[in-house]
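Common to both upcoming complexes is chain A, partnered first by chain B, then by chain C.
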Partner chain A sequence: MNLLDSTINGIPILTIDAPRPDNASAEDFKLGVTNRFRQGADPLILDMNRVIFMDSSGLGALVGCLKLLFKDPKRLPLCNVAPAVLSLLKLTRMDQVFLVYPSVQAAVEALQP
Partner chain B sequence: MNGRTSLLLVDDSPEIRLLLGHMLRSWGYEVLVAGGGYEAWDIIEREQPRIVIADWMMPDLDGLGLCKKIRDSVHPGYIYTILLTGRNDQESLIQGMNAGADDFIIKPVNLDGYNELKARLRAGERIIQLWQALQEQNRRQVELSDRLAIAHERLRRELETAGRMQRRLLPPGGSRVHGVSFEWLFIPSACVSGDMLSYFGIDEKHAGFYCIDVAGHGIAASMLSASLNQLLTPEMDGRSPIKRRMPTEPYYAITPPVEVMAELNRKFQIDTQNFQYFTMVYALVNAPSRTLEISNAGMPYPIYLPSNDTAYFLGDGGFPVGIIEQARYESIKFQYGTGDRLFICSDGISECTNQSNEMFGSERILNLLNGTHAMSLSETLRELENVIKKWNGGGEFEDDVSILGIQFP
Partner chain C sequence: MKIVGSRIELRIPGNHPESVRLLGVCLRNLSLSVFDPQGAAEIELAMVEAVNNSILHAKPGASDIQLTFSLSPRGVEIDLQDEGQPLDPRILEAAGQRWDFDPSDIQNLPEGGMGLMLIKKLMNEVSYRHENGRNWWSFSKFHPSAAPTQAQDARTTIAGR
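Take a look at the complex of A and B:
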């Protein structure tokens, strides 16, 4: 799975470049985010605009990164979340755990002092 | 190569055999000699020399014919051939190479010619060594792929056995507990499955049932689902979160669904080593009071089909088990009507894609169930099975598929 890096105002943004991340890409994602976190990418904005659908292993990877690395949902905000992904977050109540923003800009603004 | 390289020198002139043979021996070759093509062929078949130096012009079988014979037959190693020739025109060169010669030495071989021959022999040895290395590599590849095939076959058989054992953990289909009918459908994606379901009587008034979907599938997921199956029994072994020992009569207490979820959630938190979590529905039936108490930890919304009304989704989800330590679980409690049905489907159905990558979706399950009032519970599940298999296109499912169907008395 491709992970694309960019920054706005010095805040790292990671774009998940896979329409339907599966079991294998969930592993890639965990590894990719862990490496970036260790290199100081904290907070890290996850831009999900290319993800159409995510299954339970994708959700597991997302929650794992939050729980084991970033701890605070403010440090790992999500943005541009597709309807199918959002309904999975709702079904599993993860919409109450993650901070979800309508755009990268909105996530960046929320992180500015 | 071990020891000296064996070389066959073929020439009808005894002087050349003597002179050149002496020279070749002094370079370290183990030299065999033949005076003609047929004699040479006998030696080749018997001794399998690595290099053959043959005179082009010989009375019986000439060097060209000998090269052809060597190339037309099968040898355990590559035989490098050098033709000794007085001809150095292009046409002869092509003729010789077409016959299978690897190299040429122009006669007469004088002092400079010896050095050239020595260099050409070294080049030949390099090719033989390369050929041998390649052969060895091929042999190892074949051996490796044979061993892989054996290992793969063993794993496949073990997976099949594990799959059969896992199926044995499933309850019998088409049975009743306190008047409540249960039917299920179970299609693992690859022999073993992360899905698990069961139902049971807890005491003379209560029945319980659950569906579990461990995130991911395959061996790790199936091990967790099997151990959950062992844990979630109504037997009072002191470990089951479903029914606990109590010091006073009736000496047990039935755990409400939300507390079952909370306890499992405490027990099975993911950590850096263990990244597994699961979604689950657990429900409790009180037969005399005709009530159902159901809690959903992140499974697709259960579908309730009243006997005389349209189907609807039950509840609004919940935290999966094992990912949020302080998660609070909720349950819905209501009275069921005679003939009402409940369907709990794993996400292997709603997320099953057809050829154009379209997901089956929960709405489609709901709509399908709306047309099943006249069918029996088992007919309904067969119908669901047919539709979902057709949607999947006939092959193996990408994710485990499981459905528990319940009909209330």
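Take a look at the complex of A and C:
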């Protein structure tokens, strides 16, 4: 799975460069996020603008990163979430856990003091 | 992929998770002949979860996972067969009934166990039986005009019960 790094105002942003991250790529994703967290990427904005579909293994990987690393949903905000992914969050009630922003800029602004 | 009468048969290897993505895209696009994009996306998610489940419980050397897609007067019907470990019917019955967690209790959030719950929420009927060493699943999703007006989990049927 390709993960693309960028920053805005010093805040790290990780773009998931895969339209359909699947069971096979969930471990790649967790490893990629873990490596960045250990290098100081906390908070980390997840830009999901290229993801059009995600299954429960992908969602499980997101939840695992939140539990193991960031501990607080404010430290791992999601943005540009496609309707199918938002629907998955709602069906599993994870929309009550993760903070979802309409754009990277909105997530950056929410993280600034 | 094979067209047999009014059915479309799809087969993927039980040991090849990468095939699931393509299968999901096929089923979504087939479903667009009956459903709007949201309904078709729901079918894709439910069937990806079902096939992931089949792969997870596949036995070494098992034959292909076979799906059959057909249109019905009410919507679509998808049958799935595999040779994996049989499912304990109690797990299917209980799926989704105890999907309860405190969203603020981060350390105890569930990371798995969502697949069957999602299938039951997204499809209108789910039936399962284990026969002659094979798992036989049948899933139906009704067109909105034929579906119950209130959202509810799928009617679940388990053979012999």
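Definition applied: the second predicted complex is superposed on the first by the 113 of 113 C-alpha atoms of A that agree within 3 Å, B and C clash if a C-alpha of one lies under 4 Å from a C-alpha of the other, contacts with A are read in each partner's own complex, and residues count from 1 in each chain.
As a convention for this text, a contact is a pair of C-beta atoms (placed from the backbone, for glycine too) under 8 Å apart; a residue touches a chain by one contact, two chains touch by 3 or more.
As the structure is a prediction and not an experimental result, all values here were calculated from the model.
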item	value
First (chain B), second (chain C), both or neither touched by A:86	neither
Touched partner set for A:106, first chain B, second chain C, both or neither	neither
Contacts of A:56 with chain B and chain C, given as first, second, both or neither	both
Chain B versus chain C as contact partner of A:8, first or second or both or neither	neither
Partner, of chain C and chain B, that touches more residues belonging to chain A	C
Partner chain in contact with A:71 - chain B first, chain C second, else both or neither	second
Interface residues of chain A shared between complexes with chain B and chain C	23, 53, 55-57, 59-60, 63-64, 67, 84, 91-94, 97
Residue ranges of chain C touching chain A (in the complex, touch as defined)	17-18, 20-21, 24-25, 38, 41-42, 44-45, 48-49, 52, 55, 99, 101, 103, 106-107, 109-112, 114-115, 117-118, 121-122
In the complex, chain A residues that touch chain B	23, 30, 53, 55-57, 59-60, 63-64, 67-68, 84, 90-94, 97
Complex interface listing, chain B residues touching chain A	213, 215-217, 270-272, 275-277, 279, 298, 300-301, 316-320, 323-324, 327, 347, 351, 359, 399
Partner chain C, residues of chain A touching it in the complex	20, 22-24, 53, 55-57, 59-60, 63-64, 66-67, 71-73, 83-84, 87-88, 91-94, 96-97
